[in-house]
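Below: the structure, in structure tokens.
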Amino acid sequence: MKKKLTLFMLMLLFTLVMAACSAADNAANADKAEETNEAKPTETGSETETATEESDTIKVGILHSLSGTMAISETSVHQAELLAIKEINENGGVLGKQIEPVIEDGASDWPTFAEKANKLLQQDQVATIFGGWTSASRKAMLPVVEENNGLLFYPVQYEGMEASPNIFYTGAAPNQQIVPAVNWLLENKGSSFFLLGSDYVFPRTANAAIKAQLEAEGGELTGEEYTPLGHTDYNTIIAKIKSENPDVIFNTLNGDSNVAFFKQLNDAGISSDDITVLSVSVAEEEIKGIGADVIAGHLTSWNYYQTTDTPENEEFVANYKAEYGEDAVTADPIEAGYFGVYLWAQAVEAAGTTDVDAVREAAKGITFDAPNGTVTIDGDNQHVYKTVRIGEVQSDGLINEVWSSDEPIKPDPYLEEYEWASELSESLE
Amino acid sequence: MISQKLFNNRIIFSVILILLLFAPLFLTDFRLNLLGKFLAFAILAIGLDLLWGYTGVLSLGHGIFFGLGAYAMAMYLKLEATGGQLPDFMAWSGMSELPLIWIPFQYPIVAIALGILIPAAIAFFLGYLTFRNRISGVYFTILSQALVLVLVTLFVGAQNLTGGTSGLTNFKTLFGYSVNSPASQMVFYFITVGVLAIIFISCRILVKGRFGKVLVGIRDGENRMRFLGYNPSTYKTFVYTLSAAIAGIAGMLFVLQVGIISPTMIGIIPSIEMVLWVALGGRGTLIGPVIGAVFVNAAKTGFSESYPEFWTYFLGLMFVLVVVFLPKGITGLFTKWKERRQKQNDTASIEVSKSYSRL
Amino acid sequence: MTQPVLKLAKVIVDFSGFKAINQLDFSVQPNRVHFVIGPNGAGKTTLLDVICGKTRATQGNIQLHGKRELSKMSENQIVHQGIARKFQAPSIFPQLKVIENLEIAMKQKKGLFSILRAKWTKQEKDKIEEMLNLIGLEKVRNELAGSLAHGQKQWLEIAMVLIQEPDIILLDEPIAGMSKKERDKTGELITQIAKERAVLIVEHDMDFVKEYADVVTVMHEGQLLFEGSMEQVQNNSKVREVYLGRKVESDVVNTGS
Amino acid sequence: MTEMILTLFNGISLGSILLLIALGLAITFGLMNVINMAHGELIMVGAYITYLVQNIFMQYAPEKYFDLYFILSIPLALIVAAGVGVLLEVSLIRHLYKRPLDSLLATWGVGLILQQLARTIFGAPNVGVQSPSFLNGGLELGSITFPYSRIFILLLSLICLACIFYYFYRTASGRRVRAVMQNRQMAECLGVSTRKVDMLTFAIGSGLAGVAGCALTLLGAIGPTIGTSYIIDAFMVVVVGGVGALFGAVAGAFGIGIFNTIFEFLTNATLGKVLIFILIIAFLQWRPSGIVINRSRSLD
């Protein structure tokens, strides 16, 4: 009997803890009780609405995967965005108000991204959301931000072919990363390409463009392989690559797969002298996981490296390390997440309000001296002008720039500037 | 005694139903939408419990049936959004006209029918073979996971047909009405409540009848049932098929309310989570899975909103504690509690009914 | 002699090289209480298994009423031909009530769609009532079967076998673990039910066999050693030889005679 | 010809990896009937131990001894993972021996907690482990390169297998374990402490997961979710092999490994994965109890 009683008390305690959890978040409170107990409703929604108008803080949403498979990449961007918010707040905030981040976890699950974006916009009434990494998570949030007329700052390079009026794209468009990389490789490394990517939208779309470009510019395609996300055994593919013997492997693998691929490529005795791999999803942070020894000498294409030589970057790297430890490294998406917050803050200052339409109008042409150089928002497609950099991985795990476009390149998400891409973009009309 | 028990259950059911029907008065649009999503999960949980709790067959692959229903509805919505044009992801994948398998999904009735029939057909096919070959227990469970891996890998790989990892999203209208407007979301909510009630009542009729007793017989002694003249594989195939169809319905309701379906929602991990809803609610009862699905998902949402960086600790701990201390789930706790109350004091019966109204 | 209900001809059951039943010819006459005895490993339980379809015959024919061939049928089909079996360990459904156990056991169409449509008929209710009276469990009809005493479980299982209205009942050690009183009651029950059908019983308890047997078959090493009345069996030299060769079993026979 | 040899080698290599990750599971799941979904997280423990040992060596050991870290981390991973396993067994699993499916659910929760714990301690991003220099490169025979790391894993898995066979079939302690797993009551009557045996067996299974984690650092990413990518494969191996049969796990692992590689070579990675799982489903239809069948006389 006694045992049963303790058991029951335990359960009760547990329920109480749960209730307390939800009470911590007052907006969630009312219906939390509703959902678990099916009763006792006390509405607080109206309270939050007035709160955003009157209070002296501006709420913004931070929505990245903090759990699940994508947490390996997204956590750092999340941290960079919090750093930017902290810096802005220390310098007096925006419109004289402090920025208050509302953190949510997308849990590497796209419907969860949609749900949380909805929650941030409807329940917390945030002024903007900074978030996402995978194209899938962006596509999941897109209808939500459009429907609620919210804002999303998306910090990662992607496949292009999109320009939502409610999204600002601070990562590279294909013409700011992939197209120049292919050009550079054709000029410097050779003309036979092997395309390797994870089986999802970015690699497939990117490779479609690369194939068109190779055909137009006299390159040769020796093979094209896709592996399921999370694939860990690359022996068979490496065997295929070996028999094709291309000059270059253009690598669009995602996340963990890169680690397996580079380690096993190295084990198979293929070094960067034999076949150069150019990666577009491997930055300083991923190199830490791969191990610099096995990837040294291979190439990457980004807009920013930790070694990028600007005064802004020196300060950024120092601040980031001060905040997150001496071992922390900065990388392109981290930097894009970071300056995205500044771009938004400037646009809000320029508009004098956090109203979405006004901010969007004010954002056109705004410039900011980001760690990678001066970035400018292109009013037509809400992407940013960025400098392109090809880099070579060094044995200390950092990336050394070997080539850069001398000035920021205009974003062209639909690749309209390129003759060979006309078919690709036409099919979208 | 028995009539009183039945009476009590009926009261619980009615109270919950009334609360659900009046929920829109208390909840914001966003929260109502969430509750609607949870109820769609609850529908699936009932079907899963019919299979696991009553028939003793554990499927760790129900996500796929849920997904097939969801994709059927999503394909229709996508075509409606593009006005019958080629969806954007197909264009990127180099398709020039609508692939054959998409064509039937232009018609809503066909799409809804297929959203039930396709999962049912796949379950029937696999179930028929598997159960006839007397594969049971953990072997079936692993088999159901292999099925998930096959179909999910295909869904991700056939990007030109399914949208790959991104799945299908960005819907606009259903029968010409905006799917995202609060008014239509309200309608979807009521439809979900209605479907939940219908499925709950039908399953109750099923398990209370002779059929339900045969299922329990199969669960507790499949071979003995053979020597009573039953062919358990027919029954298992039927329940598996039925439960897949119910999962398909749940998937369709999910898509309408959430507005996206992607392979992350139908893989191994969600499939295991679905079983957890049933286990936590209490298997072998019909109200259990409903409570479990709503409770677990509400807890998940609540934890992750309040502690986005630590919520998985709470969730993991909750699974461990409930499994160890409450093997019969949440409903098991109530039965225990009720029994204790009745033993302690007969005059306390009024209080007992009070405590139920707090359910 | 009347036509046998069940006839096995040259049946072999081969467990990867070991012949549990070897070229067995065996038949069961209607309305008899037919015991099968024999030392351990003689193939008694395998005999029941092969009749009810639990084990497949490697070779040979098993015919019901001289025409229907059972060896190719599945277990549930065999049940519908009129053969019901009670296993050694109680095989009731503990999570179902007593009355529900009988409900699913009773003779009826047991296909999926028949069960889905099934409704209680007056006839069915009467039959279950009758059966509850027969086994004396009418007072506990709404208890869970799992809460019954051991003897009650055995009777319930016999009732579940009977209510299928079979032509032949196969019982595997029905009185194992029963008290003296329970044994007597079980014996009476068996005599009573044999009035309308054949009963084939595997049993070790020689007192019990002696008291209730019409026919006794002795099996040895998968083959039929001898068949006759209990008296004939006790006096048969071959049987004595087999049993006396094995000390443990011979004790049983001695106490029995 | 070289292609055939290479494909065969790759298949065997994949098989040896599968064997290594499934060996522990073949014991905890196959022999003890505990469906331990946290097995993947025990692999993760082993991988992180290797990372820690490497870091310690990097900091304190002279450079020429650096490679020794890997040799040292194998037993260390075994011990720590076994320790975590014992903790898990004592606190949780011993309450669930009679409820195998419940053990699935509870250990799933444990897996979630361990993953988050790794995230809290080591951070969410992957960590890097540098392979020891003696495993860099490969053995060159004609035009084919056999990577040393692959050969090493193959040997490691065979050594683990040999140790287990020796333990279970040649030592008194191992015989006790087999006795308990086959007939618990009987073993208890004979005075075997089943509690201790359960704990020991689970510790061995968990420890093997740790060794697997250590080996996996040679091949792939080391992060909080490393376990989830291997756990399902491991279960497939055990089930295809036949639950309760160690030899079955060997056959299952190499069978799946070789077929998977051939399929992948002939088609592509995605289709290869689909085909191998279809093959598994079809195979189980044909042999419902796996390659090696344990006969049982009970009715259910």
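Note that the chains are named A, B, C and D in the order they appear, and that numbering of residues resets to 1 at the start of each chain.
Keep this in mind: contacts are C-beta pairs under 8 Å (C-beta built on N, C-alpha and C of every residue); 3 or more make two chains touch, one makes a residue touch a chain.
Just so we're on the same page, UniProt names per chain: B = Urea ABC transporter permease subunit UrtC; C = Urea ABC transporter ATP-binding protein UrtD; D = Urea ABC transporter permease subunit UrtB.
Since this is a predicted model, take the numbers as computed values, not measurements.
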Graph distance between chain A and chain D, where chains that touch are linked: 1
What are the chains that chain C and chain D both touch? B
Distance between the CA centroids of chain B and chain D (whole Å) is 33
Inter-chain centre distance, chain A versus chain C - centres from mean C-alpha coordinates, in Å: 72
On a C-alpha centroid basis, what's the spacing between chain B and chain C, in Å? 45
Could you check chain D for residues that touch two or more other chains and list them? 115-116, 228, 270, 273, 299
Can you tell me which residues of chain B touch two or more of the remaining chains? 153, 156-157, 221, 224, 312, 318
Mind pulling the chain C residues that touch 2 or more other chains? 87, 91
Chain D to chain B touching residues, read off their complex: 35, 37, 92, 95-96, 99-102, 105-106, 108-113, 115-116, 228, 232, 235-236, 239, 243, 270-271, 273-274, 277-278, 280-281, 284-285, 288-290, 299-300
Can you name the residues of chain B that touch chain A in the complex? 15-16, 19-20, 23, 25-31, 33-35, 37-38, 88-89, 91-94, 96, 153, 156-157, 159, 163-167, 169-171, 180, 258-262, 264-265, 294-295, 298-299, 301-309, 311-312, 314, 318, 321, 325-326, 333, 336-337, 340, 358-359
Touching chain C in the complex, chain B uses residues 2, 206, 209-211, 213-214, 216-217, 219-221, 224-231, 234-235, 238
Which bits of chain A are touching chain D when the two form their complex? 66-69, 71-76, 199, 225-228, 230-233, 235-237, 239-240, 243, 255-260, 263-264, 266-269, 285-294
Footprint of chain B on chain C - complex, ascending: 52, 54, 74-76, 79-80, 84-85, 87, 91, 93-96, 100, 103-105, 110-112, 115-116, 118, 142, 160, 164
